Amino acid sequence: MNTAVEIAGVKFKNPVMTASGTFGSGMEYSDFVDLNRLGAVVTKGVANVPWEGNPTPRVAEVYGGMLNAIGLQNPGIDVFVERDLEFLKKYDTKVIVNVCGKSVSDYLDVVERLSDEAVDMLEINVSCPNVKEGAIAFGQKVSALFDITSEIKRIAKQPVIMKLSPNVTSIAEMAKAAEAAGADAISLINTITGMKIDIHKRKFALANKTGGLSGPAIKPVAVRMVYEASHAVNIPVIGMGGIANAEDAIEFIMAGATAVAVGAMNFHDPYTTINVIEGIEAYMKQYGVQDINELRGIV
Amino acid sequence: MNTAVEIAGVKFKNPVMTASGTFGSGMEYSDFVDLNRLGAVVTKGVANVPWEGNPTPRVAEVYGGMLNAIGLQNPGIDVFVERDLEFLKKYDTKVIVNVCGKSVSDYLDVVERLSDEAVDMLEINVSCPNVKEGAIAFGQKVSALFDITSEIKRIAKQPVIMKLSPNVTSIAEMAKAAEAAGADAISLINTITGMKIDIHKRKFALANKTGGLSGPAIKPVAVRMVYEASHAVNIPVIGMGGIANAEDAIEFIMAGATAVAVGAMNFHDPYTTINVIEGIEAYMKQYGVQDINELRGIV
Amino acid sequence: MKKKTEALVISQRILAEGIYDLWLETELARDAKPGQFVGVYPVGKATLLPRPISICEVDAAKSAIRLVYRVVGSGTAEFTLYQPGDNMTILGVLGNGFPLEAAAGKRAVVMGGGIGVPPLLETAKRLSNLEGGEKPKSVAAVMGYRDAQTFLSGEFEKVSKLHIATEDGSVGTKGNVLDAMREEAIEADVIFACGPMPMLKAIKSFAVANGIKAYLSLEERMACGVGACLGCVCKTTKVDEHSHVKNARICTEGPVFDADDLDL
Amino acid sequence: MKKKTEALVISQRILAEGIYDLWLETELARDAKPGQFVGVYPVGKATLLPRPISICEVDAAKSAIRLVYRVVGSGTAEFTLYQPGDNMTILGVLGNGFPLEAAAGKRAVVMGGGIGVPPLLETAKRLSNLEGGEKPKSVAAVMGYRDAQTFLSGEFEKVSKLHIATEDGSVGTKGNVLDAMREEAIEADVIFACGPMPMLKAIKSFAVANGIKAYLSLEERMACGVGACLGCVCKTTKVDEHSHVKNARICTEGPVFDADDLDL
């Protein structure tokens, strides 16, 4: 039975990854999860310099999910390389570094700095606040996405995954722009912008007013977008959004994803990734599926 | 204590309406709900001619919500006027007719046909499949939305509500386009496009593959969009998306909605609209709110 | 009048593998007719829609209805946990029911397949109890099962002649309900049937070929259960009176249809 | 090692209006320290996140921890329904706990306000039990309540001298914990405190003004509870060692901080 998948020449022992920002750098969940068993650890987004992130409250629970407005707090690439990448070297799993920035040159700084590091792939989070283009992030405009992808691809030493925002009219167009600009893969979905108001206190639940919605609530939207994106491009798609168990993961794979990532549900159950891996194997056994790759896009 | 609200000169006894397509023409829920108590009955979308809608399965349950791909089945405007409008005349509630079409002229036919009927407002569903512009509905392109709104406003005898699709990059831009073209109000959100796959049968849960996601799962997205839209325009906003109880309804009002509509939760509990109305009154009493209009956009 | 109401669990037991037998005390029993159904609401994590379950039997004296259901997913799995004294939330009574009057003076056959068996029990019971001009000439039941777990068969025997078909041939005719009809040369003027779509299609063909009137109970995914959402339609041969297209709402115009009106 | 695990409800009772007292049997008791907390998972409709609740007391012999919580929303409301014999799902042990060693040879005062009272009970107990070089010179407790419902006060009296402040003046000093400190002229070298933010701010000022060392336990909305999501940070005066910005994770570097390190 084969559960290994390949993306841009990188071979993953299984298709189950952690979603950026929900698993720290792996360290925080290493009491619960044997990181060696994961297809990949995708790290929290890292920028060229430390970011403070947003004021608190930064998280709020909603029906079937949560909102977050962490604001991409991170210690900056130097500390990240010395501490987090160093930690991850101990494990036999692939390492994907999620990169964020406020301008194209911020992203390029990080990508360049990682050139010679033990990193298997880069995941570019284009939903970061983009100071230059105003309120719209790089991930919400075809031309901006094309440009940043091209620039990053020009200097990146590792294969590049562009992580798409669901807050767009057409995910297919965004996927095509990333592919046209040379992306090696795309991942989706990032969180959907949402809001919660405390009607008793008459104020926003998050200091930032809006936050990103994640968790089971968004799964049908994520599956649809993975389906649309994977039918629009020929590069591999990494699917995520509300995955809680193996059935959810397989749903994404059948929609067209080559790999999947577990996000907010790590908070509900820190063993989710392992349960998903074991559940996929059980499903394959039950239905006599020899190779996980047979299931991709089967629907 | 005043719970009445006004939109484009039409006065509603309270801000609680039914969401189009989830309440039939009122008749279907009249065993459960005294329609006289509702702010308004918003009818199922009606076109110039009868539509068959999509093949079944048309509905699927998902975590915290449901997907539907009814495909706007409707008996056509003639039957609608004779039967459904006739039925609604018996009640002391406002009547808002939801209009759909495949081309601009389809919409105009319906709007014209309703000119002299006992209809208080028109709600234009721009998420219908648009044959001329291809896959993108009128509600997903600023120029198309502007044009159809202008055309409808030119001939409409009743005030016009444009019902916006959430499947867009910027809801504020869409709201502004509707306002600029003369819309008297906007309502949002329509359903978010989603998908469900049955991994055991290896097929789509809906015959139409994709369907519209509604229910509590979408509430944070809906509240955010109502907030953004109501801050972008000066016309009233009718908010909906996952409203299950009075707290939810008040959340929409605090985000900026003048009125709210209950959709999928009617299926969970046919008494939801009445519970929301009573719950709003209880909240007002608890906090000594004299006029519901004081709560609008208070956050 | 339709209601959403709390029903008290009187009893629950296992009838066959994965098949549960539940009696509920509810005011809805008064108006419940065979072929109608209720919507049962699970309370579990984030499920919203009522599960349509047919009325298997009605005990008007005790204000009770009986539901017999198969566990197929999260909702029905949850229902198995309810015990006497618990409350369940139900919506009903929904749908039209079988037109028993069509059996007056006729040889009536009720046919059920798999989890389509339960609604025919009350149907057979009432048909057998009809009197005077409404009385059928005869009432027979033909029930199809997968194997020897012929749930409810003992109760059918009490109210009508019973013929059984099993897929594995362990009881009665080996094959389906129509195989039993033929093998046992059962004669019918009117058929009331519920079961999987292939069975219903076959019954329709059989009925047409043999000049028999057939009433078929259909299933479809539902959201509202009360005719409001248009989720649950089936294709009809003629333009439907309510929809004005060739679609009828199974929850409202059905679930029982004259086979002639259905475009299966 | 942190774990998500099932804990057995040993007992649950009401301590004061809306305040519940819950004993759980769990292997996590072994490592539990005062000032640490657990995440308790509700099972109700569509709630996902664990509710952080402080450890109020530890009974190592019985492998049991005690949680005292106030009902404020859906999760805590659900917790009230659990009865002896039921299982609850918890995540723990989380956070750092109070640095009891800082009290060695010092006059230690534990201060709690409102639902910040519970974690100080185990703190006071352990401080009072320290021996030898670790032994504090004295241990006093100052607890602030809204009214005469001075939950846990009897138990504080058993382990330390107790001073009470109530907002309505019904018991002890009228006012807050600092009013009691002043009124009763309580002397302190080190303070361990938990309570609402205004109280903690006031304690920090008081400590600074009086050259007292203070350790404060903070609250913030949490998602993961284990340091992964960066949801729960507080502002620090210096660059934090983990984050490399002036933010520290309350769930991991905290919830207890040296007041000097906090930018409140």
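Letters are used for the chains, namely A, B, C and D, taken in the order the chains are written, and counting of residues starts over at 1 for each.
One rule holds in what follows: a residue touches a chain if its C-beta (ideal position, glycine included) is under 8 Å from a C-beta of that chain, and two chains touch if they have at least 3 such contacts.
Just so you know, these numbers come straight off a predicted model, no measurement behind them.
*Asks:* Please indicate which chain is farthest from subunit A, where distance is taken between mean Cα coordinates of the chains.
*Replies:* That would be chain C.
*Asks:* Could you state the distance in Å from the CA-based centre of subunit A to that of subunit D?
*Replies:* Whole-Å distance between the two chain centres: 36.
*Asks:* Let me have the rounded angstrom distance from the C-alpha centre of subunit C over to the C-alpha centre of subunit D, please.
*Replies:* 59
*Asks:* Calculate how many whole Å lie between the centre of subunit A and the centre of subunit B, each centre taken as the average of the chain's C-alpha atoms.
*Replies:* Measuring from centre to centre gives 33 Å for this pair.
*Asks:* Can you list every residue of subunit C that touches 2 or more other chains, as numbers and ranges?
*Replies:* Touching at least two other chains: 45-46.
*Asks:* Send over the residues of subunit A in touch with two or more other chains.
*Replies:* Expected reply: 63-65, 216-217.
*Asks:* Graph of touching chains, which shape: line, ring, star, complete, other?
*Replies:* complete
*Asks:* Can you list the subunit A residues touching subunit C in their complex?
*Replies:* Subunit A residues touching subunit C: 63-64, 216.
*Asks:* Can you tell me which positions in subunit D touch subunit A when the two form their complex?
*Replies:* These residues of subunit D touch subunit A: 1-4, 41, 45-50, 91, 220-234, 242-247, 252.
*Asks:* In the complex of these two chains, what residues of subunit A are touching subunit D?
*Replies:* 21-24, 28-29, 31-32, 44, 50-53, 56-61, 63-66, 68, 70, 73, 75-76, 79, 215-217, 264-271
*Asks:* In the complex formed with subunit B, which residues of subunit A make contact?
*Replies:* 62-65, 67, 136, 140-141, 167-170, 192-197, 199, 202-204, 209-210, 213, 216-221, 223-224, 227, 242, 247, 250-251, 254-255, 283, 298-299
*Asks:* Can you tell me which positions in subunit C touch subunit A when the two form their complex?
*Replies:* Residues of subunit C touching subunit A: 46.
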